[in-house]
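Submitted below is the structure of interest, expressed as structure tokens.
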Amino acid sequence: MKTIAVLTSGGDAPGMNAAVRAVVRSGIYNGCKVFGVNRGYRGLIDGDLFEMDLSSVGDIIHRGGTILKSARCLEFKTEEGRAKALNVLKVFGIDGLVVIGGDGSFQGAQKVSEMGFPAIGIPGTIDNDLAYTDYTIGFDTTLNTVIDAISKIRDTSSSHERVSIIEVMGRHCGDIALYSGLAGGAEVIIIPEAEYNEDEICKKLIQSKNRGKKHSIIMLAEGVGGAQELSEKIKEKTGIESRATILGHIQRGGSPSAFDRIIASQMGAKAVELLLEGKSSRVVGIKNNEIIDMDIHEALAIERKLNTDIYKLVDVLSI
Amino acid sequence: MKTIAVLTSGGDAPGMNAAVRAVVRSGIYNGCKVFGVNRGYRGLIDGDLFEMDLSSVGDIIHRGGTILKSARCLEFKTEEGRAKALNVLKVFGIDGLVVIGGDGSFQGAQKVSEMGFPAIGIPGTIDNDLAYTDYTIGFDTTLNTVIDAISKIRDTSSSHERVSIIEVMGRHCGDIALYSGLAGGAEVIIIPEAEYNEDEICKKLIQSKNRGKKHSIIMLAEGVGGAQELSEKIKEKTGIESRATILGHIQRGGSPSAFDRIIASQMGAKAVELLLEGKSSRVVGIKNNEIIDMDIHEALAIERKLNTDIYKLVDVLSI
Amino acid sequence: MKTIAVLTSGGDAPGMNAAVRAVVRSGIYNGCKVFGVNRGYRGLIDGDLFEMDLSSVGDIIHRGGTILKSARCLEFKTEEGRAKALNVLKVFGIDGLVVIGGDGSFQGAQKVSEMGFPAIGIPGTIDNDLAYTDYTIGFDTTLNTVIDAISKIRDTSSSHERVSIIEVMGRHCGDIALYSGLAGGAEVIIIPEAEYNEDEICKKLIQSKNRGKKHSIIMLAEGVGGAQELSEKIKEKTGIESRATILGHIQRGGSPSAFDRIIASQMGAKAVELLLEGKSSRVVGIKNNEIIDMDIHEALAIERKLNTDIYKLVDVLSI
Amino acid sequence: MKTIAVLTSGGDAPGMNAAVRAVVRSGIYNGCKVFGVNRGYRGLIDGDLFEMDLSSVGDIIHRGGTILKSARCLEFKTEEGRAKALNVLKVFGIDGLVVIGGDGSFQGAQKVSEMGFPAIGIPGTIDNDLAYTDYTIGFDTTLNTVIDAISKIRDTSSSHERVSIIEVMGRHCGDIALYSGLAGGAEVIIIPEAEYNEDEICKKLIQSKNRGKKHSIIMLAEGVGGAQELSEKIKEKTGIESRATILGHIQRGGSPSAFDRIIASQMGAKAVELLLEGKSSRVVGIKNNEIIDMDIHEALAIERKLNTDIYKLVDVLSI
């Protein structure tokens, strides 16, 4: 193994830069050349690659976003697109590819592997929606961003004695709502993985108010949605004022947390190690507090399950 | 002057607690008793007052929101409501009232003054929409919250090379959008005080893209609104992807900035001083870097003007 | 089991309040009475206990420090002191004790257990120096505080092209220096668990400078110390300017991170669960991403080991 | 006027980048060429200049430190050194120089002006020690950094019921200690501009403790120093435990506050305007909430005075 390429793909996540840095630095440390690919698979097709040296990744470990940029690329979903990409990889003399991204990006890496080209995936997505790994890069930073927003909203909702409904990212996976809800002291969590009952929620809000709580917080995952409608129903059924906030894109940005920088650094180094060992079609992750790797097919086949312990704990701690 | 009451009214603002603390502490320092009124004018009508001592305001200078809570109160807009309130003030032996809030709250203070009861206003509102003072308490904190959000959004919009449209608070007054736009390096500011031309904006976005900018930021005041629609029009007219974010209630919360705590402390002390001097129907403010006071009628009559220097400077600095 | 007491002891750590809240709320949820003890073992001896209800722990999950306060207590190290404490526990009708703290606090809990009184320990210490658990409450927050400080110091040391030496807490355990060093992109880590060689460090600093790095960061654990002396030696041996910063007590404070709030919530609930099951002399922890419990004696006997993978990774990534 | 050079000199300050950006962008907007000088006067002597375009200053408005770097330069204090610098300016075809820095940097600008070369100063220093301007760039950010540190230290000192002594920057000027002390709710301010009496301080600490305060904060300016000694004396005279923290270089870094970015932007534009008008030997500043300019000699001759209103207010509000 001599020459590695690295790209970031899909929605960006804080810590992607730390992972890129780890791939570049540990690649060079092990005697490899490392190329960066701009704009994910798009750049692979377009031949938008450039050689990176040690200082290409200087002063980026603390930066949000991705210096390699990201983009959607429909063309890569076609056989012709992938053939072009593979050609580019050969022309540039690349021997192995590291893909940092989520679900969809891993499917791309899998296709590349199937074409006989070594590819390794690193889980970079704020959603924490990959079941094979306990944490994805970016999730911890997003949780900290969300609990900071909860604190700010709590200030104003306490002052006005209102209920706050906070909609956070997560289309299929409610982990951002669930974990930030536990950490933020929320009363109610509404996520795609669990049924919810409006009357139960209203009952809880009334009880909370009656026992003297000045405000209540409802965390709502994007995949369920309907923050504004819920706000109106609560008013109608309980008479309690509420305000809906959709946190939006601030959840994707910001300087990565210590935890995200650490696992990103470890995973980046691990990906290079795997390529040097001649492995392909693997994804790296963290399981039981250890950096692991697993076959991509296998990893993508594992079904996500709701952490019911945490879901119940929210209920216990918000009585 | 022996007994003072203080209330917070209208939308809460970071720094209100610092102002309450200053009223209580400087009141007691000068030999007064100080009562806190819960929930603004509502509490005045309901007799929801309590005596505050030095430690009532301990460890609150750094807290967002208002420990005295706030609420809307339609009843106070009626003569009967105000008569009840005045009665409560007399029953509790209050000699003077300090009202911390915005425009509407000051009108209440003015009515109280007209009924012969000494009242002083302190400008607490994130909107900076009171023309008689250079700054209102809360404005600086909100600016810092907004530029932090801009930084986070910039991370992700740079990574995806998109335009960001960020809608911030300000119904009649675009100061939050304007000042945070200058501080955040925005390309375009859309506020109620100034005309804007969609084609000019699109032209600027295209030019920016062509000269290599990876992203552009458009600040939009709530009073203009239509973030989502604008996003679609930009896509249509320029082909450039954009994302709209409505920052919402996080703008109201958070630990107050140094500047807001300082002016809140100064204004709170000034309000007590005015009451001790037998003044009434005054508002305090900061003008030319000095704490001032002015007649309420006069203050409310001054017309706000757009800071055109800053508005133009945004254009110069975002070429 | 009917009545539980909870105390915080030793150096405070962010997340202790989240743990107290979890003990109180899950205790009450399970039908118990819960008492808070002020100032750790001191309050136990003095009978400084008070019954806590649901709202005693309202709005504290996001606060640093501990609402129960903490203090050193030499008297508790004597048999007489402990006899007094046990007497107080009986007089108040307490059936079980939860101790939140570090090494020394656990030894106290062990003594209480040995006297036949059920006691459970929760690891609350920023140092992460308890080998039986992967993380202690407070460690993650401190890491985030330290990397934020590193970012600020990096700004100024880059501008002046200086080396920064940053001394962080950790007398016997270098984990704060090690993990924040990895996350902060440090060049050198100096900790009690590993030898270091001044000439090697100087060599690395010279090489870094020669390959164009504008600044280098050295993380130094308190247990090694000597930041100022090191700074002078570097100047002498390399001619490169450096500045020493001792971060001090800011490392103990601040709103707890999402991670710390989550594990604190889980551990608090677990401690109550153990008492309800009639267990004693146990400590709770997190191992392999799962909440566990273990005998106190056993837990305290496990020897800490340096995470050599991370120690080496710092070297690889800072070439 | 066609070609402008800009440099940053002396201790760096957050907001310097915003000022550099404003000089470059408003220079180019007005048809000028703009050169950046690396490492302050050092770079001027060495001819370390480079032409800057619009994107040279892209994405820097929110960054701490200075992209132009800074350095001390003894050689510029000699006539020979300055002659070399002037020669470089001529060789590069520069018509005017903007110097961003403090006291010492302005003296350099004055010398340059005296040699017949147009030079304008912008006040960039965290110390706020320039009497002709109400605020210097960086001061507001530093205040916010310090009050954040105070909040963190307050968490732990409340938990342990200790006094905190916090030493902040400011050799001759106590403004950082004074303003952050007011904003942070400090009990005592010790600054070079005012006498202090140890017994008075001890008396206040005892009184505070007796009336139930869980902690007290003493702000100490670097120019007075002796944090550790003071801590020991307090223990000796009052029996109260205290801890000293020297905040150090974190005070210089961090993303600039909204206020600092705004005044930096305004001042940068003003400096260019002055050069275009053919002015020289001027400094820009902010006075009475307006951007002003003044002769350098005159500006440097104005004597700083302590803001006694604020100094007294701290006393009133911390009873």
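Residue numbering begins at 1 within each chain, and the chains themselves are lettered A, B, C and D in the order written.
Assume a residue touches a chain if its C-beta (ideal position, glycine included) is under 8 Å from a C-beta of that chain, and two chains touch if they have at least 3 such contacts.
Protein identities per chain, from UniProt: A, B, C, D = ATP-dependent 6-phosphofructokinase.
In this text, all values refer to a predicted model and were calculated from it rather than measured experimentally.
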After a C-alpha superposition of subunit C on subunit D, what does the rotation angle come to, in degrees rounded to the nearest 5?
180
I'd like the Å distance between the centres of subunit A and subunit B, where a centre is the mean of that chain's Cα atoms.
35
Please compute the C-alpha centroid of subunit A, do the same for subunit C, then give the distance between them in whole Å.
28
Averaged over CA atoms, how far is the centre of subunit A from the centre of subunit D? Could you give it in whole Å?
39
Multi-partner residues in subunit C (2 or more other chains touched) are 151, 154, 158
So how do the chains connect up here, line, ring, star, complete, or something else (other)?
ring
Which chains touch which?
A-B, A-C, B-D, C-D
For the subunit D and subunit C complex, residues of the former touching the latter
8, 11-12, 14, 16, 63-66, 69-71, 145, 149, 151-161, 164, 214, 243, 245-250, 252-254
Hey, which residues of subunit A end up touching subunit C in the complex?
21-22, 25-26, 28-29, 54-55, 58-59, 61-62, 134, 140, 143-144, 146-148, 150-151, 154, 158, 179-180, 182-185, 211-213, 255, 257-259, 261-262, 265-266, 269, 287-290, 309-310, 313, 316-319
